Structures are given as C-alpha cells and as structure tokens.
C-alpha cells in the first residue's frame, strides 16, 4: 500500500505541475483581459503536434525549444487579429470567440495531421528509469517533466515579482483600469501576455505529448479542467492557481489509487442492498469511477460557498 | 393591441411551420424540419438565459436532456400501460421536469451572473453528464433508453407511427412554446430580466431582487428546454447521454449566438441555419466541421450581433428608402467574396483528397498538377484583393444610405 | 417628525474608517443637502442608507423601521428611491422601458409573468407621464444607452422618482452639466420633489443654497454641522473645512 | 463525393426535378456510363470527428472490395454496379437516427455499420421499428464490427446480421489462450466504463473461474471512457497488485495511453486486448510493445493463409498506400450479401435476409464461415495474434510492425449457445 501512496503522490504532482503550466497562462489572461480562454488547451495540443513534427526532422530537443515559440507567436496573432477585434463586442463575444477557436484548432489539427494517434516518443536520452521503488519504475522523463514545470514556476514567480514588466502585469491583474490610466501600452501587454500564456501551454503540450499520447482529443480531455483550476484558485491569483493545480492533480490521483466506494460506506453503516435495488448504481459506485468528475464537484461547491475562489482577491 | 398588431407575423409563422411539409415532403426533409422545430424551442429557451437574462450557461443541455429522459420514461410507462394518456402531452412532461431541474439548480446558481454563473453551469453540466453514465439503470448508459410512441390512445385516429405526424405535433408545440416565450418577454418578469441583464445593481434599487429575477428566467428557460427535450423524445423515440452533455450545450450556444442574441428572432434563424448545415453539409464534405468552425469565427468577428443583427442593421436604410443604394455595392463585393470562398474551399478539399481527379462544382481538377494549385491560388488572391478594394466603396455606400437626410436634420 | 434617522453609523473598509459615527435626522418634507470636500464619504453615506453597503456599526431607521443591512430592493420597496452619481441606467433598453421598469413594483406587478405589458394602460400612461415630466417624451423608443449625457442624467432622475417614493436621494444630479442644463435640472428637481423629502449630495453651491432647506456638512466621515443654509454659510468650522474658503454665494 | 449525387440530393429535396436535370446534365456525361441502375449500399460509420479514422478505413475497404470483386468484373445481378453511399453518423446514436432517415429518403435498404455497440443497438431498434411500420420498405443492417453479445442474443432482430464474433466468443478464445499459460497466476482487468467494458470484465471473471480457478483476479477497474489524461495512477495499482497479466477492452486513445503507461512503468507483463492495432496504434506502440501485446480477432493475421488473400492485401496497398486491410470481415460481409443477392436475383432486404440465414461461404482466405440462422451470428475461425516485427509480411501503419498469429481456433469450436428468440416478420 505504501508504494501506491508514494506513486499516487508522485503522479499527482506530475499532473499538478503540468496543469499549473496551463493554468498559469490562463489565469494571467483571465485576470488581465477578463477572457476565459476556452482555446487554451487547444494551444497545448498545438504544442504537442508542432513538437511532434519538429521531432521527426530535428529531434526532440529542437521541438522542445521551438514548438512553444511557434505556439506563442500564433497565440499573439490570435490576440492581435482576432480577440482584439471581438473585444469591442464584450466578454460574452470574446468567450464565444475562444470557444469557436478551440473547435477550429481541433478541426485544423485533424486536417493537417490526420485523426490517428501520433507516434510522438520520449527522447532516448531520457528513456531510462530514474529510480525503482518496490518494483515500480519512475521514468526519467517524468522527472524531467517535473523539473521543467518547477523551473517554469520559479521563473514565472521571479519575473512577476522582480521585473518591471512583472510588476506592471501584477498591477494589471488586480487593477486593469489603473494600469491603462498610467499610460502603459495595455494592448501590447495583452498581446504579450496572451502570447506568453499560450507559449506556456504549448510547452506543456510538448512535454506532455509523449507520455499522455498525442491525439486530436487531447485538448478536450484537459480543456475544462484547466478552467476549473483557475476558478477554484481564484481570479487574479497565481498562487491560487498553483495550489488548485496541485490540489486537483493529487485529488484525482488519490481518488484513482483508493479503492473505497459506496459499498465500504454501506458496510460501515451496516446497511446492505440487493443487486436488484433501483438505486443499485448508486450503492455500487466507487471513488476511482468518479475520479474525473471530482474537480467539477469541487468547482460547484467552491463557487457556491466562496465565489471568489480559494485565493481570489477581487470579484468580477 | 400589440398582440393584434403582431398577429399577422404569428399567423405567417404558424402557416410556414404547418405548410412546409407540403413543399418539402421527402423523408429527409421531414426529418430535418423535425430537428429544426426542436432546435427552435431549445435555442429560444437558451436565449431566455443569455440574450434576455444575461446569464451565460455552458450546461443548458442538462434541462433538455433531463426533460427528454423523463419523456422517454413516460413513453415506456405508456407502452406498459402504467399510465394512459395521449403522447401529445409528452412534451409537457419534459417541460415540467425541466422546470423542476431549473428550480433546484437555479436555487443556488442564480446568485450571481457573469463568470460565477457560467462556471457553475459548466460544473453542473459536467457532473450531470458524468452521472448519467454512472446511473445506467435510469439513463441507459451510452446506448441510452428508447420507447415507442405508437402506444397510448390515438388522436383522431392518428397513431403517430409516421414522422410526418410527429412533425405536426412538434410544429404545434414549437409554435405554442414560441408564443409563450415571446409573451414572457412582454411581462414584468421578462422586462426585469432585461433590466437585470443590463444593470443588476440598479434593478435592486427599483425594488427587485436580481437573484429572484434571474431565478424566474432560469426556471422558465428550464421549462422550455424540457419541452424541447420532450419533443426530441417523441421524434426519435430514444435519448442518450450525448443529449445532455457539453457538446449539446455548446451547440445551443452557437445557435443562439450565430442567430443573434439581442433579437427574439435571432435564435430561430440560428437554429434553422445550424441544423441545415449540420444535416446537409456533413454529407458533402468530410471537412464540414472545419468550415463550420471558420464560419463561426468569422461570424463572431464580423457580425457580432449575429445574422439577425446583420439584417436589423439595414433597418435604418430601409426606413429611409435607401436600400437601392446598397444593392450594387453588395453585388460588387459579393461576387469576388464568393469566388474567394469557392477557391479556398477548392484548395482545402484538394489538399485532402486522395483521388486522381478531383470533382468540384462543374470542374474536374487535377490535384497532382502544380498548375491547378497556382491558378486557384491566383484567383483566390485576386478575389481577395478585389474584396478589399470594393469594401471601401461598400462602406461609403453604407454611410450615404444611412446618413440622416438634410430636412430631417433640420 | 424624522422620516429617516441615522444613529452613530460607522463604516470601515478593512482598517480604513470612512464613516466615523454619523447621526442625522431628516425631517419629513424637507430638502436636505449634504456637502463636503472630496473623499468625505458622501457617496458612501448614500450607499449605507440605500442598502448598497452594510454598516459596520450603528443603526438607520426609515419610517421608524430599521433598514440597516437590508438589501437595497427591500429598502426601495419601503419608499426610498435614489439616483447615482455615475449614470446607472438599463442601457440596452429603451427610455420608456427604463421608466416602466422603475414603476413595476410600486404599481404592484411584483414578479408577475402573467400580465401582458401592452395591455396595462394605467402603467403605460404613468410611464409616459414620467417621461413628460423629465422631458423625454419624444425619445421614448430611443435606446437609452445612446442618449446624450444630459438626457441620460434626466433619465437617471426619472428612474429615481418614477415609483413615487416618499424619500428621494439624489447623488450629484447636475454633475458634468452645462450651466443652462443644470438650471433646467434644478427646476425639474424642484418640480418632481414637490411634497416629498429630498436628500441631495451636490458640489455646486449655488444649487445647494438654492434648493436646500437644511444642509449637513460631512468632513472625513463626520458631520460637523447641520443647519439652515444661512447658518452654514456663517459657520466657521465649515469655512475651515473648505480650506478657509468661504463657499461663494 | 460525386457531384451528380450532390446535385440530386440538393434538388431532390427541393422538388424541382427540371431544374436539377438542366443543371445536372453537365455532370451526368461523366458519371453515367452504364445504363443499368447501380445497387446502392449505405456505409454508416463515423467519417468526421474523433473516431473518423476507423470509419474512413472501413469505407475504403468496402469501396475497394466492391470494385475489386464486382465492379471491375462487370457488376452483379447481370451488369449492375455496386455503389457505396457513405453516411456519416459521427459515432453518435442521435446522428445515427438522422442518417437513418437520410438513408430511407435516398432509398437505401442495406446499411453496413460497425463502430460502437451503442450505435448498433440504436440502429437495430430503429430499423425494427421502421420495418414494422413500413412494410415493403424494409432495411437490412449489416453489422460488421459491433460486438456486444446482446445484439444476437436477447435483443436479436431478424433485420440484423453480425459478421464479427461477439465479445463472449472472443473472450472464450482469449481465456483459453490465457489458461494455457501456466505462468499466469493473477489477472488484472481494466476497461472503459460502458457496456462493452463491463461485458469484458464480467465474462473474463466468469470464464477464468471456470477454466483456471487458480488464477486470481487481482483487480477489476473501470475508468471513464475518453476522459483519462494519464493512466499512470491506474498502472500504479496494477503494479502493486502484482498481476501477471492485464486484459482490457479499451479502444482508440484509451488503448494507446494505457499500453504506453504500462510500458513506461517498466512493468513487463503481457497485455491482452481486442483493439490494439492499426489506425496509428501499431505505429505508436512500436518497439516498446513488441511481443507483449496480444489481440483476439477473427480470421488470421500473418502469415495470411492463401495467395488470393495476400494478393488482395497487395492490391489494396497499391491503391491505398496509407491504409491497411484492418477488417477483412467487411469483405466477407459484402461477398455474402452479394451471394445472397445473386442467389435470389433480388435486392429485396427480406429475400436477402432469408438467403443469408444459414449460408455457408468460403472466404478468400479459404475458410468456410457460417451465418447461423437462429440468431444471425457469423461463426468463423478466431485467432490470438501478437504485436511484433518478426515474420510480418503485411505490416500495419507502414511501421514494420504488425500482427503474427500465435493461436487459432477452428470455426466449430467457437460456437456458443444463443438466448435469441427472434420475432420473424410474416410476408
């Protein structure tokens, strides 16, 4: 049981950090521009596909460096030529725009790369077990994923708290109006942040592609979860997003690792039902089965009892 | 008074609904019209939330789906004679259940509008879609549940075995639902929904709890979505989990948005256009979803108020009798625009085909030859340039057509 | 008799005290102005009375009933109406609809979804009457968000007074207006508050002294004086608060 | 899609035949070569969206087989060509209903459908209802791939024929194969949380209990279909359970992700599957899955039994270099349907159905297969094959990897009882 716990924690952390790479960009975009970017996970998917194509010709490492850049540039262009135009029509229009964009990106990916699963492999350099614990290997690549994610977190933290641009961005998150009044070029900041955010999502895609499978549905699988994280974490709070990412990563991982369910609860209460009972589905439900929907449950509860999110500082 | 004044439009609407099968009587056409009738009710119910009440929902399919599931269960009960009533009332059962779901979910989710509401609706939508797969004795798992509408008392000898009979049922229900949804906008509750959408704070200072106003709209919207779900159940005699999941919620958002949120007729246009595209386009090209995505983005970018908004833009020019001035510039811009679209589609389709000869409109193109590509690209480029140039003239014409005439200014 | 009375009302935002113990009685039928330098807490005081903010301490009674910490809609239903300093209308609805929405509750429509508005002659006439009063009859069908500024201000007033509330609170009703527009608005205010109680925040001293029966001076969250216009003008504390500057007559 | 078809569809639904003809004549020149009306067969599967690659491959095989065996040799029924009409159901039960109505509208009475048992059972119910209400306009369902046993058991229908072995038949063979492996002492079952996943779980548990009571089922796990980002947490449980083998009914991305996670964790145990080949899966598993992944399927993989079968594969590969003959059962189904047509000299679904019942047919692979009349279930030889790159004459995804058959069971031994009580229409 111990190794299950340890590996569940490790897996949870890997997923959590990965989610944070997506959530950090999204939360910046959301806080500053008020845009809930539905297409954020689609940029993650684009990252994986670009990196896959690059890796075919130049190897994994080139993909790691250039794919996020390409995605970032693409993201900045989307902001410049799409979102900025839609901005005049209000938030709902922006949201609907990103909603359509997600749809279009998925279709375009199927158009250019086809619908098959892509054979995007981990680099040979990292193709060895980092350590073996109680018969189970922890691959070096997962260690690498974690390192990159933590590196990004530290880098982001440093940029946002220490650099001038970071301070403007921080201010723009909590007081978007004031910053524009101070004469900063807000559209440029928006474009930059959107580009940065999507590049981070792209990077997440690059490193997740080989282990989580590169296929056209990979954005959908992750899409709304990232949303959930941003909202649970709280509007305008990077720290909140960080905590929520880890929370959700671990929550899902533990839920799958656990074997408890309603039958255990019923045993504890000394109640039992026959198999033919109309609510049989309910009495046989177990935690691993509902693990993927736990984030949504958490989302609804958080929003009902604390609409600002865990660490949110401002309401809309 | 206002009712009487508008009654000619309503009669025209009813006549169109009932008369369409006389014009288009193929099985396919009836099937599409059935879908349209259902989609109209569903999209209008969504517009009650977003367009009228300012509540952006990502989980509206929940009410549609739950209404539909209850309706199919009702059909099953009728089949086993546990209940005896005409299947004509099935949509009402769907509606009542949609309403109940709305009352329950609305009681905690309408506290705020904006992002909080949107995210709660997303969460609830995902939760219910996921539970529908877990509780398979009620929802029937991924295969769904199915019934048979030909049981129960007949209605003037009709047993509803044929789709055309169900179409008339759906058309009448769609008409009734549309009338009631319109009338709702003409009541104090409907107007306050607009007021709360525009300015929830001020609404409180004129004596209304914005939460309660939202709650009423939300329940009404659930009711009509449930009716749409009931119509769906009658039409297809089955329902599955996919009818209450996020994809269906997304589709109704697209319908309402593309049609035009601010106008009562908008969602109707959206429902018709999207249903037609969905059922016709998909058989002509594998890439139809790509085109749908492109069209959708272009609509959001260039027609922010949807198709209805685009038509309404011409109201002023129409009133001033200046529509004539616009026809020529529209044609001048329209022709290269269509040409551009045709070429781009040809290029996209050609790069996707495996055939040696690519049939396109009246042409037989050779995808292997670079000349084909160059020519198409050239035409597309030229057309694009022509559009850009003529847009300026169109803009001028637009300004003149809408300009305030001299005497009015004075 | 006091229609509205505040007893030691306090409001803190975090550690900042904005209102520091305000006590004030408004007599039924009087026209009362609240003046004070920027940041004195005038708007905050309005928000506390009308229910937008909860009080930190103290109590507020309107017609002998406690209204502190009640939601705005309940206070509004008791007959207290207000306007806003920043135009706050239902911008995507027509001018007529704006007024009609303000009338629903007072004409007992509640949350009705069974009355068809087209048929409510009395309601519609009442709305048209308000439009007449504020001079927007010819703009009835116009989208309110596209009105000129002064007209929006007039509509703002119209929404506040439409319900026929006994106590009307106006937050800087003439802010940003030209001299002649302001004069018209003052006339309008006088006309529509006939026989009612008025509380007004205003910076333009001409108007304040023109309209008000009594004036309270709010400085740093405290009322330093409440008196007739003449006495206020002569009050040295007031003069000091205005940086030694005697409010010009 | 051909233009004449497109036009007739547009104008057909507009009831303006004259206009359609006058506009359509431009294209007719190039498309009407034979005077006789073609025999039109619908192919209804996902052709767009997430599952499109499987559907498109099926369509390609069916079209190729029709041309290869019949159209290039002068057609059937005395010179009529076979025309395959694709209908895109997006693997959605709702869309299936819409497409079914389109099929009726287009006068299509034979529908090939394979993907998803949920879709197959929706279609079967819809067809039964339709045929009952519209005598003389019946439709026949040719199910070439949906394996939920219920379709030929409790919910069997006269109008439904299945040309694939159902899940219980396949599991019977697979568990025989597992039971023969003395090294396996414990088994982990993991699958998607839906009907097929549950069938795999229940049947495996039951059969292993009968055949090898000493094999312990150390895990029986369901995960939501298509929603799992990362299978590592599940694999952790597999590792800690100490299982000697894994069995799964997963398909698509869920299959690839699961296999990849198992391989990445360094767990070296065999994985028994149904759908772990072709459509990009073989290429993605590649070297890392070699000799570890086994599939149960009908017919045989490498080495292919007859020269005719090999030649078919080669010719297919020439025409469609990026596709594979993933489902030879589609070819069997087409050949049997055509045989039934020729035998009755008719395209009437009722006549075809009667002719198909208890038909014995020799495939291009040289084996005799049998369509049982009582439940409309095909019986043929079943195999277990391994994912490898050695001895692979016909690979998958052009990856060099493919399937090599390790274990074969002749048709007679695959026959199971059926609980089907068929309601037969009267004519």
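As written, the chain order gives the labels A, B, C and D, with residue 1 at the start of each chain.
Here is the rule we go by: a contact is a pair of C-beta atoms (placed from the backbone, for glycine too) under 8 Å apart; a residue touches a chain by one contact, two chains touch by 3 or more.
These numbers come from a predicted model, not from an experiment.
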{"item": "Per-chain CA centroid nearest to the all-protein CA mean", "value": "B"}
{"item": "Centroid comparison with subunit B (C-alpha atoms), farthest chain", "value": "C"}
{"item": "Between subunit A and subunit D, centroid-to-centroid distance (C-alpha), Å", "value": "36"}
{"item": "Between subunit A and subunit B, centroid-to-centroid distance (C-alpha), Å", "value": "31"}
{"item": "Subunit A and subunit C, separation of their C-alpha mean positions in angstrom", "value": "48"}
{"item": "For subunit B, residues that touch 2 or more chains besides their own", "value": "130, 134, 287, 289"}
{"item": "Shared interface positions of subunit D, touching two or more other chains", "value": "52, 193, 224"}
{"item": "For subunit A, residues that touch 2 or more chains besides their own", "value": "110, 289, 292-293"}
{"item": "Every chain pair in contact, whichever chains are involved", "value": "A-B, A-D, B-C, B-D"}
{"item": "Complex contact set, residues of subunit B against subunit D", "value": "23-31, 35, 130, 133-134, 141-144, 146, 148, 150, 161-163, 236-238, 240, 242-243, 279-280, 282-289, 354, 359-362, 364"}
{"item": "Residue ranges of subunit B in contact with subunit A within the complex", "value": "50, 56, 108-109, 111-112, 114-116, 118-120, 122-124, 126-127, 130-131, 134-138, 246, 250, 253-254, 257, 261, 287, 289-290, 292-294, 296-297, 300-301, 304-305, 348, 352"}
{"item": "Subunit B residues touching subunit C - in the complex, by the definition given at the top", "value": "1-3, 183-184, 186-192, 194-195, 197-199, 201-209, 212-213, 216, 220, 262"}
{"item": "Subunit B contact footprint on subunit D (complex, rising order)", "value": "1-3, 6, 9-10, 12-15, 26-27, 30, 47-49, 52, 56, 86-88, 90, 92-94, 97-98, 101-102, 104-106, 116-118, 121-122, 125-126, 129, 133, 193-195, 224-225, 320"}
{"item": "Parts of subunit C lying in touch with subunit B, wherever the complex brings them together", "value": "50-52, 71-73, 76-77, 81-82, 84, 88-93, 97-98, 100-102, 104-106, 109-119, 159, 162-163"}
